C-alpha cells in the first residue's frame, strides 16, 4: 500500500504545483475580468495575463546600470519560494510525502523570504523608487508578522500541532471547529493578513504606478522582459497559493485524505473552483475599497492582530483545553 | 627559639629605625657645628642679615635634636609646586593676589621674593604678606646654596649612604616580621622586657604590612626628595622624622601594654606633624595644624577610654602591674564592670577612629594626606591608619568578651556607614587627585570597620588581608600621584590630561594602583572585599553591608570617572606624537614592586595563610 | 591626716580645678587665660599630692610634683613666651595690630552661651559618670564627674576659640581633665604610662608652638579663621 | 585527567603564553603570536566543551589560589555547551583578529596592553562556565570585566566617545557585580556553604523571602550582563567603540554568560525560583527584544545596530528561559525541557551569526573608516568577500528558512505554542503575547538586516571613503570563513546537536525526557507532533531557483543581456545621493512607533545679522535617543553630581567645623550611654 501511497502522493504534489503555476495567470485574468464587468468595462478577457507573459518572455533581458546579483536573484527566489509553498501546503491532498514537514510557521517564513528577496532587489537598484518600495514593504511585512503567527497559534490549538495536514484533516473530521468563534476569528485575521502579504487593495494598489502610493510596484519598477515576467508570475502564484491556503483552512471539504486517484482529481477540481470563487469575491470587494494611506495601514493590521489574539484566548477560555 | 633571640626580634623593629634617625641627627649636629665654625670665619656678613636672623633663630628650641632653625628651604619654591588643596592657586608661591611673578623666579637659589629680611610687620590677611613659602620672620641666615661652596666644613652625610641608610630600618622591620612569622603561628605569642613588648599573630601580620609599605616608601624617598630638590638640612630632617615615624609605628604594633600602645600612637602624630608641614607652604602649615589639633583631641579621648578601662580592671581585682596588659585583660575581661567598659569602648572607638580616619573626627585626613610629601602620605594613608585600627582591634577583643559582640557590632557598623557615606559623597564632586586618594582611604577604612563589625574569624582574616592590600596599593597610588604632580605641575584633576600618552610607565602604574583600589582582580583587595561581603552576609549587620555596597558603587563610579579623565586621551600640548616622558628606574622600581606584591596577595597568600587565619582567630575567635 | 580633712581638701582641690576651667571660658585676654591654666595645674598637683598622702605612696607624691612642675610651670611659661614673641617690639609702628594678637577675638560662641553650655556639659558629665561612681564609691571616685566635666569643657574650648593659643589651652584643659580622672579613679596610671603621656603632651605643645610661629609667618597672624584654604 | 580537564589546562597554559607574547614580543610578531595563542586557547575550550557535552563530568579544587576561599572548577553538560560556544567563537575571531589588528600602527588594537589582555579575556570567557563556587565565579566574572574594559579602551586616544563608553561600561559592569555579590553572598549565607554543591543542597532549606531576594538580585545582575532593557545602556556604547574583534567576542560570547548565569543559579542551584520571578524574566526578555530591535531599526551606525540586535536576540533567549522556568515551576518538565533547549539552541546560533556579522562589519569599518550606513553603499563591488559573509550572516539573523536563526526561533515558537497545555491563567495570557513579541521582533529584524545589507552593500557608494574601500587581508577571510561554515552547518544539519542539547537540559536540572530526538538531517520533537527538515527545504529552494533560471534561459531566444540606464523620470541620470539611506529606510517604522521611540527633532534658524526676516542658515537635526537612558539614567547622574556639589559644603576647611563634628559625636555617644544604650 505504501508504494501506491507515495505514487499518488507525488502525483498530488506535482499536480498541485502545476495547477498553481498554470492557474495563477488565469486567476488574475478572471479577477480583472470580474472587476471590469462590475465597473461596466468590457475587460481584456480572462487569458490576457497569458498574452502579457508571452510578450514579456520574448523581449530581451535587461541589466540596469549599477545593479548586481541581488537584482537578478530577486525574481528567481520569489518564484522558487512560492513554488515550494505550493508544494508543501495540502491544497489537494493531505497524504503526500512532504505533508510530514508542512509546518505553517515554515510556510509563513518562506513567504517572508520571498518578500525579503524582492526588497533587497529593490534596494540594489539604488534608485529612490526601489528604496521607497523596499522600506514600505518591509514595514508592512514586519507589522503583519504578529497577526499571521497568532492566527497560526489559534489554528494549532485545537489540532495540537502546527502541521498543516493535521490542521486540515482535523478540520475535515470535525467541522464544528471551523465554525467555532476561534476558527472564524482566526480565518478573518488570516484573510486581512493575506491582503497585506499579497499587496492587494486596502494595503497597496497593484495596478497603480503613482509613486506616492505604490509599495510592491516601486520595488519592481526597474524590471523588464523575462525578469518582469517572472515577477508578475511570482506575485500571481503567491496570490493563488494564499487563497488556496485560506480555502483549505476555512473550507477543507473535498481535500483528498486517502491516496485514491479519483479523490485526488475531485480535490483538484474543487480546489480550482474554490480559488476561482474566492478570487472573484476578492475582485468584487476591491471595487468598493479605496487604498488606505500608508500610515493608516498599521491601524488595520492592529485590528487584525486583535482578532488573532481574541482567537487564541477565545479558543482557550471557551474550550478550556 | 631562645629568649634572647625573641627579645632581639621584638626590639629590633623599634631600635633600628631609632638608631637610623639618631644617625641622621648626629650628622646634622656635626654639620651645624661645622657651619658655626664656618660662620665665624666668614665675619664679613652684613649685620642686617645676621641681626635679622638672630631674634628668631635663638628663640626656637630645637624640636628633636635636628639642625635647629627651620629656616627657609629655598629650593622648594623653584618648581616644587605648593599645589595645596583645591583652593590654593597652582603657582607655588600661593601669594594671595600675588604679583605676576610666575612659578617662582626660576632660579632655584633664592627663595621666593621675600620683602627683605627682618620686615616682620604683616597685618592679617593683607595682600602684601610675603610669599607664604614659610620664609619666616627672618630668613635663616644659613645654608643658602646661592652663597657658593662652603669653606672647609666637613661634607654632610655622603648621598649614597643616606640612600642605603634609608632602607636599613624598613628591611629590619620586614626581616623581623618574617622571622617571627615562621615561629609565632606554631609556638604561640612571644613576649620580652617583662611583658612590655609582645608579638602574636596579629602583631606579626601588622609588622609585615608596616615593613612592606615602609620599604616601598623609603625606596621612593630619594627620587621624591630629588624631585623636590630639598637641600641637605631639610632632607636630613625629613629622613630623621620618617625613621622616627617607623619606630613609633613598630612600637605601637609591638606594645603589649595598652598605655604604651597609646603613647606610641600619640608619638606617631607628633612625629608626622612636621612631615606634613615639610613643604612649608601656607597650605601645609594649615594641614599640619588641623592634623595635630584634631588627632591629639581624638587620641586624648582614647586615653580617657584607656584610663576608664584601667579603672574597671583595677576594680575587677587585676593587680596594678597587669591592669593595662592586653593579654590579662583579654583573659579576665568577663569580670570587668559592663557599663564602665561600655563607656570606655565608646570613647576608644571615637578616639582611635579619629586616628584611623573614621567619622566623626575624620576631617584632618584629606588635608594632611594631600599636603604631606608623597612617600609620607603613602606611609600615613597606607599603614598608619591600619596600625591605629589594629589598636582598636585590641580593645574590641576585650569589649566583646566583657559586653558580648552586640555593642561593638552596632557602634562600628554605624561609624563605618557614616564614614562611607561621607567619603562617597565627597568623592562625587572631587577636584583634587591627592584628596581623592585620601577619601578613597577613608572608604577602605570604613569597609575594614564594617568587616570588623561582622566579627567572625573569616571576616577578621579578610580585614587583615584588606589592610595589607590597601597599604600596598595606596602607597603605589600616592607615590605615583607625587610624580604626576611633578610632571603636570598640579594635582587638579581638571588640568591633568592624557597621562597614559604623556608618560606611559607612570600612567600604567597609577592606573594599575587605582584598579587595585577599585577592588578589581587580580589584586588582593578583590579577595578581601569578597571575604568581607561573604562574612558580612553570614554573620554581620546585613543592613549595613547592603548600604555599604551601594555607597561603594557610588565611590567606584566617582573614582573611575575621575581617573579615566586623568589617564585617557591624547597627550597634553599640541603635537600628538610628542616624545613620552620616561619614569626613572629608581622612581619606577617601588611602584612596580608594590603592584607585584599586591597582585601576589590577590592570587595567593601562600606561606602567610596560616598566619592570617591564626590572626583572624585571635580577634574573631571567641 | 584624718579622713574628713582629706575629703574636704580633696573636694576643695577638685572644686578649684573645675572653677579654673570655667574661668578660662570666661576670660578674653590670652595671657590671663594662660595664668588661670597654670592655677589649674597647681590644683591638679594638689589632688595628686592629697591622694599620695592619703594612701601614703611616695611614688604618687613624686608624680604629683612632676605634674605640678610640668603643668603649672613649664607649659604656661612656654605659652607666655610664644605670646610675647608674637607681639613684635614697641619700636615698630603698627601698634593697633599687635594688641589684637594678645586678645581672643570674638569666639565662635559668645561668653554667655559658653558658660551656659559649660553648665550643660557638667550635668552631662555627672549623668555619664554615675556608673563610674557606683562601681567604687570612695571620696575620690565621687569627684570623678569633675574630671569628665573638665574634659568636655576643654573640648568645647578647643572647638569654639579662634586664637591658636586659646586652642592650645583648650587641648591642655582636655589633658588635665583626663589626668585628674586617672588620679581620682585609680590614683594614677602606672608610672611608665604616666611618663609617656606627659612626655607626649609636652611634645604636642612644642609642636603646636612651632606651628603657631610658622602660622604667624605664613598667614600673618594666629587666627584660626585664616585656615580655610584647604577645602573640598 | 579526562580530556575536558586537560583541555582546560591547555587553555590556561596558552593564555599565559599569549600574555607573555603580548607583553614582550615587538610589533608585527606580537599580533600574530597572541592571535595564535588565543586561537589555540579557543580550540582547547571548544574541545573541552564538546567533551563535556559528550557527558564527561570533572571537577577540581585548588586551595592555594584565591585567598580565603580557594578556586573550585567543575564542568557538566550545561557549562560544556557554553564553553564550546565560547571556544568556537574565540577560535574564529582570534584568527580574524590577527588580520584585523596587524597593519594598523602601534597604538589601538595592536598596542602592548590590549594584546596582553586579549588572551586573558578569552580564557575568562571559556572558564566562567566552569566556575563551581561563589568566589571563583565572581573572580572569573570580574577578571572578564577588567580585561574587556582594557580591550574596549583600545582606541581611547583617538575618540572621546571611547573614553565615555569605557567609563559607562566600567560603572554599569560594577553595578552588575554589586548585585551579583549581594545575591550570591545572601545565597551562600542562606544555604550555609560556598561551593555550588553546597548551594544546591542548602537551597531548599532557605526561606521563601530569602529565595525571592536571591532570585531577583542574581537575575538582575545577569540580565544587565545580557544587555536587558533597564540595565542595557552600556551595550550600545561599549560594543561600537570597541575594536571589532573585541566587540565580536563580547557580543557572541560574553553576553551569553548572562543567560548561562540565570540558567545555572536561578534555574539549577535555586531549584527553580518563584513563578512571579520567571514571569518577570520572561517579561524582561520580551521588553528587551522589542525595544532592542526597534532601536536597531533606527540606528544608522552599523555596529550600534548590531549591538542592539544582540540585545534583541538575548531577549529571545530569556523568553525561552523564562518560559522554561514558568513551566518547570508549574510542574510540567516536558515543555520546560523543550523551551530550555530552544533557548540554548538560539544562544548557539546567535553566537555564530553575530560573531560573523561583527567581523564583517569590522572589515568594512577597517577598509572605509566609516561606521555610518548612510555614508557607505556599493561595497559589494569593492569588497565582494565581506559582502558575501555579511549576506550569509544577515540571512541567519533575519530568522528566515535557509538561515540557522530560523531553526531556533521555530523551536522557541513550538515550545511556547505547546506550552499552552500547562494550565493557569498566567500562561494563557503570557504565552500568546510572547509569541506576538517574537513575531514582531522577527519581522523588525528582517527590516533591520535588509536595511543593513541593502543600504550598506548594494547600489553605489555614497561617500568618497566608501568608494575607495579595498578588500581586507586574507587572514580576516579565513576567520570569517570558519564562522560562515559554522552558520551553514548549524542551518543544514541541526539534528546533530539534538542529544547534546538534551544532555545540557538534563544538566540544568530538567529531567523531562529528550526534547529533541534529532535525526541526521531533521529536527524532530518526540513528545510534540512537529518536525522540520531544513536540508530538504533548502534543496527545494535551490531547485526552484535553478528551474526558474532554466525557464528564463529556455524561453528567451537572444542570450545576451543588454545594459540600460536606470529610470530617471526624464530628469537626468540618478546620482548616488538620490538612493535610499538607512535613515530614510527607517523613516516609516519611526513614524509608526514614534510614541515609543520619542524621536528628538530641532530646527534652529540663524537670521542674517541685519534683519530677522532674512534667514542666513537653517540647521535641522533629528535623532532617536535611547529613551530609557534619558528618562532613567540622566536624572540619576544629575542627582549624583548635585549631591556631590552639595556634599562639598561638608568639608569647608574650617577647623572649628571639623572639631564640631567630633564634639557633637562625643556628646551624642555620651548621651546614648547615659540614657542606657
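Labels for the chains are A, B, C and D, by order of writing; each one numbers its residues from 1.
Throughout what follows, a residue touches a chain if its C-beta (ideal position, glycine included) is under 8 Å from a C-beta of that chain, and two chains touch if they have at least 3 such contacts.
Because the structure is predicted, anything quoted here is derived from the model rather than measured.
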For this session: Show which chains lie in contact with chain A and also with chain C.
Result: D
Seminar exercise, completed: A student comparing B-D to C-D should find more C-beta pairs in contact for B-D
Problem set entry | Chain of greatest Cα-centre distance to chain D | C
Problem set entry | Centroid spacing, where centroids are CA-atom means, of chain B and chain D in whole angstrom | 46
For this session: Please work out the Cα centroid separation of chain C and chain D, and write it as a whole number of Å.
Result: 69
For this session: Calculate how many whole Å lie between the centre of chain A and the centre of chain D, each centre taken as the average of the chain's C-alpha atoms.
Result: 36
Problem set entry | Distance between the centres, which are taken as Cα means, of chain B and chain A, whole angstrom | 81
Exercise. Taking each residue of chain A in turn, which ones touch at least two of the other chains?
Worked result: none
Problem set entry | chain B: positions in contact with at least two other chains | 85, 87, 289-290, 293, 297, 301, 339, 343, 366-367, 426, 429-430
For this session: Would you mind listing the residues of chain C that make contact with two or more other chains?
Result: 128, 155, 158, 167, 224, 227-232
Problem set entry | Pairs of chains found to touch, sorted by chain label | A-D, B-C, B-D, C-D
Exercise. In their shared complex, at which residues does chain C touch chain D?
Worked result: 108, 121, 124, 127-128, 130, 152, 155-156, 158-160, 162, 167, 224-225, 227-232
Seminar exercise, completed: As the complex stands, chain C meets chain B at residues 81, 85, 88, 92-94, 97, 128, 131-132, 135-136, 151, 155, 158, 164, 167, 171, 174-175, 177-178, 181-182, 185-186, 189-190, 192-193, 196-197, 199-200, 203-204, 206-208, 210-211, 213-221, 223-224, 226-232
Seminar exercise, completed: So, in the complex, the side of chain A touching chain D is made of residues 57-66, 68-70, 73, 75-77, 79-81, 83-84, 87, 98, 100-101, 103, 105-106, 109-110, 112-113, 115-116, 119-120, 122-132, 134-136, 138-139, 141-146, 148-150, 153, 156-157, 160-163, 166, 221-222, 224-227, 230, 294-295, 298, 305, 309, 312-313, 316-317, 321
Problem set entry | List of chain D residues in touch with chain C within their complex | 647-648, 650-656, 659-660, 662-663, 666-667, 670-671, 673-674
Problem set entry | chain B partner contacts - residues on chain D that touch it in the complex | 64-69, 113, 134-135, 138-139, 142-143, 145-146, 153, 156-157, 160, 163, 166-167, 170-171, 174-175, 178, 181-182, 185-186, 188-189, 194, 640-641, 643-648, 650-651, 653, 655, 657-659, 661-662, 664-666, 669-670, 672-673, 677
